[in-house]
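Both of the next two complexes hold chain A, though its partner changes from chain B to chain C.
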Partner chain A sequence: MNLRSVFSFLAGLAGMLALGWLVFPAVLYERIPQPAQFSHQVHTGEAGMSCSDCHAFRDDGSFAGIPRLETCLPCHTEPAGETPQEKHFIEAFVTPHREVPWLVYSRQPDNVRFSHARHVKVGEMACEDCHGAVGESARLKDFQRNRISGYSRDIWGPRMLRIGWKPGEGMKMSDCEDCHRQRSVVAGCLGCHK
Partner chain B sequence: MSATRRDLLLMTAAGAGVGMVFTPVPWKLLDDVSIWTQNWSWLPKHPRGEITITHTVCPLCPAGCGMKVRRVNEAPFAVSSTPGGALCARGFAGHQLPFHQSRLRTALHRGKAAPLAEALEDAAAAVERARRSGAVVAVLDQRPGRMVSVLYRQFLAGFPRAQYVTLPAPEEGTLRAVAELTGRPPRSLGYDFERSRTIFSVGAPLLDHWGAPGRLLRLWGAPERKIRFWHAASGNSRTAALSDRWMAIRPDSEHALVRGLISILIREHGAGAGLALPASLSAFPPEEAAARTGVPLAQIQELARELATARPAVAVGGGDPVAGPLPAATEQALSVLNALLGALGTPGGIVERRPVPQPTLPPGLPAETTLARAPARSIDVLIVDSASSGCAWPLELIQDKLAPDAVTIHLSAFRTAWTAQATWTLPVPAPFEAWEEIPETPGSRLASWSLAKPLFPMPEGAISPEAVLHRFGLPEDQTLDALLQAKAAAIEKAGRGVVRPLAEPDESSPVGEGLWDQLTEGAVWVDDPEPAPRPLRAAIPDLPDLPQVASTAQFPLLATPAGSRGGAGSMPSPPLASKLTRESHLEPAAGEVRVHPRTAESLGLKHRGRAVLATPKGETAVVVRTDPGMADGFVEVAIEGDRGAETLALFPVSRDGAWRWSPAQLRRA
Partner chain C sequence: MAAQAKIPTPPPQKQRRYGMVIDLDRCTGCGACMTACAVENNVPSGPPEADERKGINLMRVFTVRERNSRRTAFIPILCMQCGDRTPCETVCPQQAVEVDPLTGIVEQMPQRCLGCRYCMAACPYQARTFNWWDPAWPAGMETTLNPGVAPRMRGVVEKCDLCHSRLHAAEDRAAAEGRRDLNPGEYVPACVEACPTQAIVFGDLADKASEVSRLAAQPESFRWLERLGTGPKVYYRTRRRWVRDLARQGGAAPNQEVTRG
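Up next is the complex of A and B:
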């Protein structure tokens, strides 16, 4: 084998590594901006709100999920600040009274059911344990939709190989299983799957 | 040698191939593509929507277990048990049944699709011809005791010759024998296990598929349990594994074991001192029981000692959802054993179940007879009710009762081995598509009553059994709804029992007005227990000896069918339940047999090897699994799924309606 062959091999290797690590993730995920912008940082910081002020539990214990427009209205019928994002939010959604079609980063597939009440109230888990530091974000990142599976990138997590995975970085079934194993909580197949 | 351009391209491709392994591309693509295949647009999905909870009872079998159903946009998507309850694998997945591939969307005429209106008209004409000619019309009811059962009997009262035939729950085999011994009506007795100290099961899968799942497991798993479980059976099972003692008896030696115990109890423990006992009972040599069962005499004596001293003790036989009842002679021996143990009408034994208050019924309704006791070739027109007992029954049991050229009308929501034999099959609502009444659980000591709610609308093209009866001539003013409401009124009038909401069973309240509304909203009526059980007096009969099924040179082994409730009955198994239980080998898989490794070796068979199972009635291809927990010379044949009925047909049905054992041959395929 001569030097040209070795060089060709290394070129192929390097090219594929670049393709796999740089180009592939960029191509695999389609970036979709959220329909409106929102700063968790402002709401949980300056406004002094907590997660459950908007992501509340209903009286029957079930989780209400993403807040509906009516949750925003008491404060945002008129602009509370001067940002163009808030102006867009009021013009596009509040004034016409149209629900915001939020793109949910953590939406699970249809064959999964998940009880927030059981995890937060009974299991005493913090929102950050699964959702990461969303509450500190100054703006909503683009929703990254997997072009093949249709899932949100947040289900897989930011690390392509998931090496060095930390709680709050992804919500795959194996992440749920790991957590259940660590806490010795048995759920069985039908505990989470419809 | 210098490298050509082709060589360089090959090296580049090789480098790229090696590099790809170290990128996320193959691994992520594999994951995403597999997810993509699970989300094809044509796969049915629940629409997203409001999630609600419905509490009801499971209609799949007579156990009527409480269910908590999660629904999205009214469609059920997940089922779990109610607080303090338990569900079997099929109950967990039962809401999938309306979508089963064998679901009938049309009527069938001799197994072929036919328009419902046409089939209904032809079937009604056949019934009318039978009425005019005085032919025998029968209804086969697998779940007697319901108000629709009363409706069937009212329908049959309009015929000059009619039979109301039932397939009683196998759990009640010993109870039926005790009822006969004590002159009590059928289905009037129950087991008071909660107050027992020793429970001896003879082939009864008490900790597997017996009665309501959870009742006995709860007793078994109670902290500081005082009840001891003895189990006598030839094959390893969950009941065998969980029992305190498992007597691995030889195949078809149950009768000898019970006779031996009776003999020892009389001879060594003075059992039945106040009873007039035939001398033959104590004359049975215990040594013969030991020889026939293959169990050391000392172990049989130990069991007898425990039954005699650790009272209340009760013996339970049969009750297998697939292997069916024990022979009548063995059940009779078990009823005598219970009498000797003082278990008849005493706490912790077999006690009378107070009859449920019933509406006043018109006179002249045909009496109930079991299918096994119906005269051979006596039925000209047979209507088979759709409700499943969850148990497998050989088709031969029915076919023997049919006259030549008999007409069979099957009310079924599914295409099954039974419907393939029927003259007409009329598609009725599947489970969870119509209100279903659940009388007391087989074997329970307390009467109860509940209603299973429909979770889906009845589809177009289906017809209710009540509408079929009206089309066949039942007067229109006789309705199921009127009977159900009258029963609720009768219970209210009696003022007996409590109403337990399924959502909160501890919040029970005494029966008062509004029972009907409480039941339809999701509650169970449970009768009050008798303050003190009434002793049941029995005249102890002489017991005939029961010859064991003989193996022959051609059929040297003994085979028994095995399976789970709902595995191969008149209803298919929900897909998820099949996947979970069969693929995981939690239950025997279709087409498999289990034998002891020694038996397999002597026949030149290997674990997972292919073989042919033959009995005097035919043969079928099987896969062998070896299990050291099986008795040598014993073959346990899985009866599951679509092939179940075909495999069960290999077992001959005795005159008393038992099919538990057959001589068999197993040879390499």
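Up next is the complex of A and C:
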């Protein structure tokens, strides 16, 4: 084996890894901006709200998820601040009474069943344990849609290799399983699938 | 390791063994359970060529007549939720069948199923059906679908899972009140609820105080093909001697059984 073949092998390997880890994700995910901008930071900070003020449980224990427009209306029939984003939100959605078609970062595939009530009320977990520090984000990042599956990139998480993975980065089945295993919570397949 | 020690371990979950007792003397063969089952579990009606063999029925009501007599019995057959030796779980090459350690429900995962149908051959109760077509509903009917049940695609096997979406909903309601465990009667499959003569009693067989445990222990109660040792959790009961004899024989005595191939 001469030096030249070793070098060309390593160069080829590096090239293919770069293709797979850098180029492929960029091609795979389609970036879609949210229909309106929203600052969690302003709402949890200045306005002093908590997660459950907008992302609430229904009486039957199901989770309402992203709030509807009516949740925003008590404060936002008129602009509360002076930002152009808020002005756009009021002109495009509040005045014509149109629901905002939010793109949900953590939307799971159709065959997944997740009970927020069981995790938050019985398991006493915090929102941040799975969702990360969403409450401190100043703006909504672009929604990254997988062109093949249609799923959000947040299901896989931002780290392509998942090295140094932290809670709140990604919501794959293996992430659920890891947490369940650490806490010795048994579930059959249909415990989380439907 | 120090960080791992802090992870809270909740108390172990309650072990349940969901099962039912079907009173054959009350069954009128009306088929309400079949309809309720199909509606609950998003079972499409299928194309015109979907016959008894190729159509999807997670629950079927059979008619049994005694030889040389006019006596008739109606027998609803669903997945027997075999608890001791589960034939479909053993043969599945994909691990798409699993007996839930917590509930005892035999679960089928359509996303894992590759459609080899070994489980259908292995099931002594013929309680499994194969999806010969992709599901399709007439226009407008998709609004009536149950959001708690994922539709199954063409090429996979499906079966009764005791209305798992109803178990999920009951668990959600309990969790909203801060309870880990369900109260008896909170979770009831659709067939049990739909039966107009209340022929089906559903509950936790592990709970010795439950109605279903009491009925299952009575001498009028039996299970189909008990000699196979599959340990079904679906019991039947009847005061009619000939139906019980039929069940005990299971078609033929073990030593006279004809096996082919």
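Here is the rule we use: the second predicted complex is superposed on the first by the 182 of 194 C-alpha atoms of A that agree within 3 Å, B and C clash if a C-alpha of one lies under 4 Å from a C-alpha of the other, contacts with A are read in each partner's own complex, and residues count from 1 in each chain.
The rule is short, and it goes like this: a contact is a pair of C-beta atoms (placed from the backbone, for glycine too) under 8 Å apart; a residue touches a chain by one contact, two chains touch by 3 or more.
As the structure is a prediction and not an experimental result, all values here were calculated from the model.
Touch criterion not met for A:Lys166: it reaches neither chain B nor chain C.
Contacts of A:Asp110 after superposition: both chain B and chain C are touched. Touch criterion met: A:Cys189 reaches chain B and chain C at once.
When the two structures are aligned on the shared chain, A:Ser5 is found in touch with chain B, with no touch to chain C. In the superposed model, A:Phe57 lies in contact with chain C only, and not with chain B.
Looking at the shared chain after the overlay, A:His97 reaches neither chain B nor chain C.
By the touch criterion stated above, A:Tyr151 is placed in contact with chain B alone, chain C being left untouched.
More residues of chain A are in touch with B than with the other of chain B and chain C.
Within chain A, the residues touching chain B in one complex and chain C in the other are 62, 110-111, 113, 189-190, 194. The touching residues of chain A, when paired with chain C in their complex, are 57, 59-62, 110-111, 113, 115, 117-118, 121-124, 182-191, 193-194. Contacts from chain C toward chain A in the complex involve residues 4, 7-10, 12-13, 98-103, 105, 107, 109, 111-112, 148-150, 161, 164-165, 168-169, 171-180.
Interface of chain B with chain A (complex): residues 2-3, 7-9, 11-20, 22-25, 27-29, 31-33, 35-36, 38-39, 45-46, 48, 51, 70, 77-80, 92, 580. Against chain B, in their complex, chain A makes its touches with residues 2, 4-6, 8-17, 19-21, 24-25, 28, 62, 109-111, 113, 146, 148-151, 156, 160-161, 189-190, 194.
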